[in-house]
Amino acid sequence: MSFPKWFHELAREVSNKGRWGPDDELGTMNLITPEATLRGVRCAKTGRSFSLALPLHHDGPQTGRIPNRINPIHTMIGINTPFMGDPEKTCLSDDIIVMGTQSATHWDGLAHASYAGHIYNGFPATTVVAEAGATRCGIEKVKTIVTRGLLLDVAATKGVRRLDAAYPIVPEDLDAAAARAGVSVEPGDILLVRTGQQEHLFAGDRDAYRLPAPGLSYSSVRWLREKDVAAVATDNFTFEVWPAEDAAVVLPVHLLHLVDMGMMQGQHWFLDDLAEDCARDGVYEFLLHASPEPIVGGTGSPVNPVATK
Amino acid sequence: MSFPKWFHELAREVSNKGRWGPDDELGTMNLITPEATLRGVRCAKTGRSFSLALPLHHDGPQTGRIPNRINPIHTMIGINTPFMGDPEKTCLSDDIIVMGTQSATHWDGLAHASYAGHIYNGFPATTVVAEAGATRCGIEKVKTIVTRGLLLDVAATKGVRRLDAAYPIVPEDLDAAAARAGVSVEPGDILLVRTGQQEHLFAGDRDAYRLPAPGLSYSSVRWLREKDVAAVATDNFTFEVWPAEDAAVVLPVHLLHLVDMGMMQGQHWFLDDLAEDCARDGVYEFLLHASPEPIVGGTGSPVNPVATK
Amino acid sequence: MSFPKWFHELAREVSNKGRWGPDDELGTMNLITPEATLRGVRCAKTGRSFSLALPLHHDGPQTGRIPNRINPIHTMIGINTPFMGDPEKTCLSDDIIVMGTQSATHWDGLAHASYAGHIYNGFPATTVVAEAGATRCGIEKVKTIVTRGLLLDVAATKGVRRLDAAYPIVPEDLDAAAARAGVSVEPGDILLVRTGQQEHLFAGDRDAYRLPAPGLSYSSVRWLREKDVAAVATDNFTFEVWPAEDAAVVLPVHLLHLVDMGMMQGQHWFLDDLAEDCARDGVYEFLLHASPEPIVGGTGSPVNPVATK
Amino acid sequence: MSFPKWFHELAREVSNKGRWGPDDELGTMNLITPEATLRGVRCAKTGRSFSLALPLHHDGPQTGRIPNRINPIHTMIGINTPFMGDPEKTCLSDDIIVMGTQSATHWDGLAHASYAGHIYNGFPATTVVAEAGATRCGIEKVKTIVTRGLLLDVAATKGVRRLDAAYPIVPEDLDAAAARAGVSVEPGDILLVRTGQQEHLFAGDRDAYRLPAPGLSYSSVRWLREKDVAAVATDNFTFEVWPAEDAAVVLPVHLLHLVDMGMMQGQHWFLDDLAEDCARDGVYEFLLHASPEPIVGGTGSPVNPVATK
């Protein structure tokens, strides 16, 4: 076994392999049933919506440390181009964008990670190819994501603006945040776990924002699996705690979530405005829309998640 | 006056310039009040959701006729890259995407069109620049779009699979479709007008899909303005009827909607599955989520619109 | 053996595997010795130069049939941006380009083709990876290309403006063109074989330009190997004759040149102006500069080849 | 007048406006006559060639400080794709590149800079547009660059490995370097001025490499104009000295060269290997090939300059 025993045991324990059939490419998104969606819909009581996305801009969170994963480049291919020849008449402006699918607020698709030669549900890692990208578990397979969202503000629960660098979020932290929020997690919910790490980003320190980072501990995976949540999103770069708690397994949470559980992860989500509102009205549940862009073969996708309360 | 008299009179009549103040960059999106959002929320009764987006793929609807506006290019910058050096351990796949903001299912932002030197609300067309794109009315200003959506299936109402090429959709057609749907349009609603034109696209004939095309007639603009809809989306390439009804004004509906009314337009929306479901249960209203990606300075944005019934 | 016997026998016969050592990544570029370069230099007698490149433009030769290989997209990231804030003072314009390395006039690098699991010199095909591209035989390894060039105008030799579609250029054609040119091919020379196929391109018919196409016959490979030329370039899309002479081996010349001989190929070269000049003065030899761009890991590179007579 | 008097007087003095006619878009490239080319050809005596280009790589010199000007991104769109379906048979690898035209070793085209509303030869700055780029003086107009090159190693002449940050190279420095090189500058030559600044780049310190930087002083412009050189290239980021000697004129040398003289500039040229060789054999003149890529409308172009001695 390539990894320490604890990892493989935990992987087996939380595995959803085969749970939704041998051909399933959706993983825990299967938990978003019409009922789960309606549970989310019922949370929309005031009609106020919050965007949870960082702007797509060349000054985004990427630092260049990940080869070729760039911040968005937006350029104009036409600026008030006179469509009829006459600048007084019909003029059009048009643009293109070049970006990493994971450069800002995004979903990690299930094909983003692999180990021991496999991605989720036992599909060979070789199903990810240069020409077509992820031929299995491509992000386009996830058509819609509409369910109940719950904000677990771990930072606020611990009474800090920002969790310490490298702070591992454990089950007790999630329980405490849920208790504070007065919510009970149900199957198909999507959890938004707030660390406060974006304080670094907004201060202009992208390196500090990146790592070391507070994030989910591998010990939280079993908890998430037992709750049968549909997905988890955080307001940091690495999603999970960095550096890893056991140097022998880098990014264990990525592997357990994406490969074993088949659970998508949200990263770089902007949770501050929502958190402020939840603190104000004491309501930490909402209707969450976070459908990815249908990038065929994508291992991830930018997303503008919207919480409606 | 650069255009025929009828155009300038109509432009004056439907104009929303100054309606939401001299600095407004949202236009009719202002009509999506919390009440409008809740009206949409109340339409979500079964929890079934439909994605209204075409896949983002290099084989998309663009034909190359619009210089530099390309179909999406998706390439891998990493394929199962061994993060720890050992292919048995943590491996990651990552990708980038290069695309026109309007290459597939998208929103036209308010800065997409101009005439007589201005975009919406009297902002100079020169506010669109190469470096920063649309410095006024950039698509990122539209944070969230959550409201009631109504499907007006004009093709089905006329008893055809696909409207004739160059068929202009007039107010009577919209009234008939609304009557058939048993809905009454209210302020802040978003209308999805179905032409059936995508039959060409799915048959592999992108040129026929592009034009000539059935679409909104300039005569429908007053109707839309009176109803105070928040936006309109169609299942074709040109949005409005092509060729234009009056050769002296190319794309008049684009100009009236974007520049004078400040109303965003949706193009290339995939409405077939939704239309089939509406025909089955007779329900043509739903909760619509169609928040754009926050492309700073964008004149448009790809979107994965989701209808929840 | 995966291919017919004739192919494997020919491959063995023309192979340069190991000829320049087990670590060689340059192949026949090794034949461009200082002496070969000086032979080219001596051909520059009048100081007149000719560019052999097609323009890099969105309206280039690519038709979209090769997934994701696009014509160049050139967009401005700045237009007269006031560097000091004042438009009267220092203003700068800047741009980016997105292109397939093989979208227009280019070199095929040695890593562009493989068969039976290997590229040139026995390097495993797996040395081409997503992150770093061609880790062996990347185009950047070819620092400079300065040698004698010879124009073999096969079309003119046969007295036609353009060779018939699917016409296979055989050794006799090359001998006849060389005789007409009054040149004798020497080791390290680069041959420019003209088919006249670009007549289609300049007529706006990119599909006809692409294929079927006149080009090198597999039977010319032995001839080229015996002459020990450094490289060969043509004025067509497919380089070799299309369709292949033996349907059992598609692109045999690509495989024999790139994989077995380790010989780079030039495609889409613009030879008309040069050919006209050579016909005028009867001089078909010249100093040729055709150094690729140092794209690290590139399987090819755009090039602006220059012939100086 | 927008700039200080000294600038406008110098601009008038060195101006080549109208010198080659009102429609000229080549500027000092006109000085590369066949005779100038042959003077360069005669310098090629040993047949040894040197590439003067930095590798095109995502780890290039760009630091992200210039919005949207990125280091090259090279990604594979195909890796050993079985062209016949069988991986044992014909397989092809293909790639694309996304880059700033000025991200690494490049030429500044004449449309790169403007002031007082004009680029070179009095063409309005408005001739640079979003759709087509530089419609006047686009880099594609410069078909070929083949002439004599002279290395002026200012750093070595001053007995240092690297000139001090912000050291302004004045005429006396150029005279001293030419005297040391034993060369006399003639019309149509291209000068390669070495500062040694790339020591920072190769040490991995891109910020220090960028600025402050030693470079040409505005006082060198008159000298260059009198010598009637065709172009000048340097081994630094900013080309000219940074910060500017007179804060009232940022990048004066760029303006005087590009706008008034119509003289292209080379930046990020790799001169170390060449300099070492010149120091060894005492020969500082050579045949220089530095033809740009024909990017239609380009304000610049990547280039792989080659010096042949």
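In order of appearance the chains are A, B, C and D, and numbering begins at 1 in each one.
We adopt the following convention: a contact is a pair of C-beta atoms (placed from the backbone, for glycine too) under 8 Å apart; a residue touches a chain by one contact, two chains touch by 3 or more.
These figures come from a predicted structure and were not determined experimentally.
J.: Going only between touching chains, how few steps reach chain C from chain B?
T.: Each step joins two touching chains, and the minimum needed here is 1.
J.: Consider the two chain pairs B-D and A-D; indicate the one with the greater count of contacting C-beta pairs.
T.: A-D
J.: What whole-Å value do you get for the distance between chain A and chain B if each is reduced to the mean of its CA atoms?
T.: 27
J.: Quick check: how many Å separate the C-alpha centres of chain B and chain D?
T.: Between these chains, centre-to-centre, one finds 45 Å.
J.: Return the residues of chain A touching two or more other chains; collapse runs of consecutive numbers into ranges.
T.: In chain A, residues 67-68, 70, 73-79, 93, 96, 98, 129-131 touch at least two other chains, as defined above.
J.: Which positions of chain B touch chain D when the two form their complex?
T.: Against chain D, the touching part of chain B is residues 67-68, 73, 75-77, 79, 96, 98, 130-131.
J.: What residues of chain C sit close enough to touch chain D in their complex?
T.: Chain C reaches chain D through residues 2-3, 33-38, 41, 44-51, 53-57, 66-70, 72, 74-80, 83-84, 86-102, 111-117, 125-126, 128-130, 133-134, 140, 143-144, 146, 249-251, 254-255, 287, 289, 291-300, 302, 304, 306, 308.
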